[in-house]
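Each structure below is given as structure tokens.
Okay, so subunit A shows up in both of these, paired with subunit B first and subunit C after.
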Partner chain A sequence: MEIDISAQMWAAMVTCFSAVFTSNILLTYFLGMCPFTSVSREVKTSIGLGFAVIFVMTSTMAINWFAYHYVLVHFGLEFFRFILFIIIIAAFVQFVEMVIDRYSPRLYQNLGIFLPLITVNCAILGASLFMVIRDYTFIVTVGYGFGSAVGWTLAILAMAGIRQRLTLSRVPPGLQGPGITLIIAGLMALAFIGFTGVLQ
Partner chain B sequence: MSPNGQATLNRDIIVDGLWRNNPVFRQVLGICSTLAVTNVVLNTVVMCVSLTFVMALSCVTVSLLRNITPRNIRMMVQTLIIAFYVIIVDLILKAYWPDMSRNLGPYVGLIITNCIIMGRCEAFAGSNKPAASFVDGLFNGLGYSFLLLTISVFRELLGMGTILGMEMPYFSTLWDKWIIMVMPPGAFFALACVIWVCRSFKTKEQG
Partner chain C sequence: MSSVIISILVISSIGAFLALLLVVSEKFIANYGECTIDINGKKQIQVQGGQSLLSYLTQEEIFIPSACGGRGTCGYCKLKVKEGGGLLLPTETPFLTDTEQKDNIRLSCQVKVRNDIFIEIPEELFSVRQFTCLCSEIVDLTYDIKLFRFKINDSDQIDYVPGQYIQLFTPIYFKGGEEVYRAYSIASDPVDKNIIELIIRLVPGGICTTYCFEHLKVGDEVKLNGPYGDFKLSDTDAPIIFIAGGSGMAPIRCILNQMRNTNNKRKATYYFGANRVKELFMLDEMAQYEKDLEDFRFVGVVASPDEDEQWQGHTGLVTEAVEKELKNADQCEAYLCGSPGMIEASRKVLTKLGMSEDKIYYDSFG
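Up next, the complex of A and B:
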């Protein structure tokens, strides 16, 4: 099987870049909004959650690619993908939790509480479904998974930074909490649209 | 609530779902998968119908199985039940309305991770009778739908001058179209405004 590795790598890098900036999974596809509005109160917790998401998303995307192309397509069970993907994600998160707990209790203390949250993070399932719809190859899939996760982390970090400043400002009562968070997210999405011209 | 901790089937469940404890502006849950399709009214209608269908039926199923589900794996069981109904919706859309299925892309599948369904299953259906759970799921779904429909009507009208693809007087001709409303930032702004308006009503009611 002859695959042009360098072209693939280049495609993966472009996909990765576009997933971080031009089509940020949070700001253009609205995936992962729930933790985004609830966890983004502090920079420190956002970093922890961000790293957990980067690790889990990149790995599960790779596993899901193999599971989809070598198991589901092979048996003609493509409609089963929702269940398979969610089981793989849940199982992987559980597994990582146990491994970290066993070998690095300190890391577990910092990261552990975020891991169960990740299972219900729609960004991870969403990225896997995009991978199927857009027919990515394996290398591009890994690039896409990594890029999406980095883009998500970038957005939640920026939001946490802004929200810490926000505690000092006066917000109308009906807009406090989620309302103002969404307006900030809208402004951030506007800023990210500015990147659109960078590719092509 | 009746003495044995079971919510009785009454008006309270309906009012809670539609307004007092509305999933979108009170709890701000589960906006991920549906906010993305609010740029066109038709997509939103299909998405909201699917979501309400999945929510009502999975609440009933979770409620029926509540006594035989082992407690420590209940999350997984609930996820699988929800996924089962989502697959049904996905297959129906693919078979009878392939264009719509393509428009919605991955978002139908993402109903599975919509936290609001999980939240209702966990908070209500897991400890209540099937009939009450069905009403709870249905009206939470409707409460969710009516807000998203409001958002989508404004987005399509201001952004493209149409509603359900029909050209509206004034908006399709003289109105300077706000393209930003059909782009992603518009969704954030529209949702924020709706939350703002609804929560202001709420504060007045209490005060």
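Up next, the complex of A and C:
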């Protein structure tokens, strides 16, 4: 099989761009809402969580691509992808957390502490499943994983910025906390619809 | 059939491989070797590093208050880490004030022991232990206050200073519930070192009080740890003013028992505030203290007695009664126990009457 690398790279970049803007995993598919609502109180922690998501999503998707194509497809066990992806993600995150914790306290403080939070996150698993459904090649998969995670980070950063300002405004008691956050997420999703059509 | 076997084999071997990888890496990467935890420069504990500080201290039976079980959500397990605690984590900052952060206060459940570590904890926490007890008696005091008597198992004993409190363990008793610890003052007689009595008021929706009122039965096993707190009778001869309503009577009753045991001759007056006459309790026992103690007076104050209750004593707020009766406030000491609002109001009245702030001791339910 001949692979046209440059065409692949181009496809990966387009997929990456679309994953950030036109089909943002958070604001279009509403995956990864749990940390999005609970850890978006401060910009600083959102950045930490965002980087953790970027790292974990990109690398687990690369691993999952190999596991899917060289193990599951080989044995004809595609239907097991849910379980396989989950255990790979969980084991990988555990492993990385252990390494960071041991060798880089500074990185652990900024990034490692967030890793367990996103281990069983649906955005991470969802991206891996999309990769299968859409039949991405390896390079496109990595581009898609990176783009989705950057898009997720962008969304949580925007939300954290809004919520920091929100602390100064009067929110009706019944809507405080998750309530108003979900409403804002809906409005942000509407705004992101504006990006549809940028890519044909 | 063969596909079933293949799928089981493939998935379980991948799972086993990943598990093995984690176990091996944990052995080599997360191996921090032997670390020393130095407590107050007096006690050293040797541990295999890698777990949280709180878990090592619990293993050593040093009970740091913690309500969430080390998940970093309650913020109770604060202690001072002088050296070796590593960087302050983002999971801790929401629970620490700026001064505490400067003071090297950390949440012990979030601090991981990776090297030798030097910590400071209040001395009295050393005597804190866990006790397993049997609930031996439950007495109705009013419509929403009960007295619970617990007998400590195996002829074990608890040493406490009257006025201190314990933390009662609440198991999961409804689906989706969680295990919590709640603090209650000891109300028993300090002579009985294997008896703990608690006076508990039912808080609607409260996790622990609902458990005590609706699920706990005589003969049940309960766990508690303690003692905690520095609310206690001072060593002076100054006349005492107790102010406490409802379940706030608990530490006062314990102190009164202590005064009776030690034949303490200090003058003491206990102002007990209630809304209705039916909220007064243990009146017989208070009358007995009046007989037994040299100079003790119990003053019930009822805010709004019903007409058919025929109340003869003070009416109005407990603070108004104190204001009316107390003449020599500047020579007295006050011991308050109750809600933050009641304590604040009492402190205001007492300082207005001339008592200095450092003579007012209180135990706030917070």
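Some notes on this structure:
Keep in mind that, in the parts below, the second predicted complex is superposed on the first by the 199 of 200 C-alpha atoms of A that agree within 3 Å, B and C clash if a C-alpha of one lies under 4 Å from a C-alpha of the other, contacts with A are read in each partner's own complex, and residues count from 1 in each chain.
In the analysis below, a contact is a pair of C-beta atoms (placed from the backbone, for glycine too) under 8 Å apart; a residue touches a chain by one contact, two chains touch by 3 or more.
Since the structure is predicted, the reported quantities are computational estimates derived from the model, not experimental observations.
A simple residue count on subunit A separates subunit B from subunit C, and the partner touching more is B. In the superposition on chain A, no contact is made by A:A11 with either subunit B or subunit C.
In the superposed pair of complexes, A:L190 makes contact with subunit B only, with no contact to subunit C. Contacts of A:T45 after superposition on the shared chain: subunit C is touched, whereas subunit B is not. In the superposition on chain A, contact of A:I83 is made with both subunit B and subunit C. In the superposed pair of complexes, A:A62 makes contact with neither subunit B nor subunit C. By the touch criterion defined above, A:L27 reaches subunit B but does not reach subunit C.
In the superposed pair of complexes, A:F75 makes contact with subunit C only, with no contact to subunit B.
Once the two complexes are overlaid on the shared chain, A:V99 sits against subunit C while remaining clear of subunit B. Overlap of the subunit B and subunit C interfaces on subunit A comprises residues 80, 83.
Residues 44-45, 48, 67, 71-72, 75-77, 80, 83-84, 87-88, 91, 94-95, 98-99, 101-102, 105-106, 109-110, 113 of subunit A are the ones that touch subunit C when the two sit in their complex.
Subunit C makes touch with subunit A in their complex at residues 3, 6-7, 10-11, 14-15, 18-19, 21-22, 25-26, 29-30, 32, 86-91, 112, 114.
For subunit A in complex with subunit B, the residues that touch the partner chain are 27-34, 37, 79-83, 86, 90, 120-122, 125-126, 129-130, 133, 172-175, 177-180, 182-183, 185-187, 189-190, 193. Touching subunit A in their complex are the following residues of subunit B: 28-33, 35-36, 76, 79-80, 83-84, 86-87, 90-91, 105-106, 109-110, 112-115, 118, 180, 183-189, 191-192, 195-200, 202-203.
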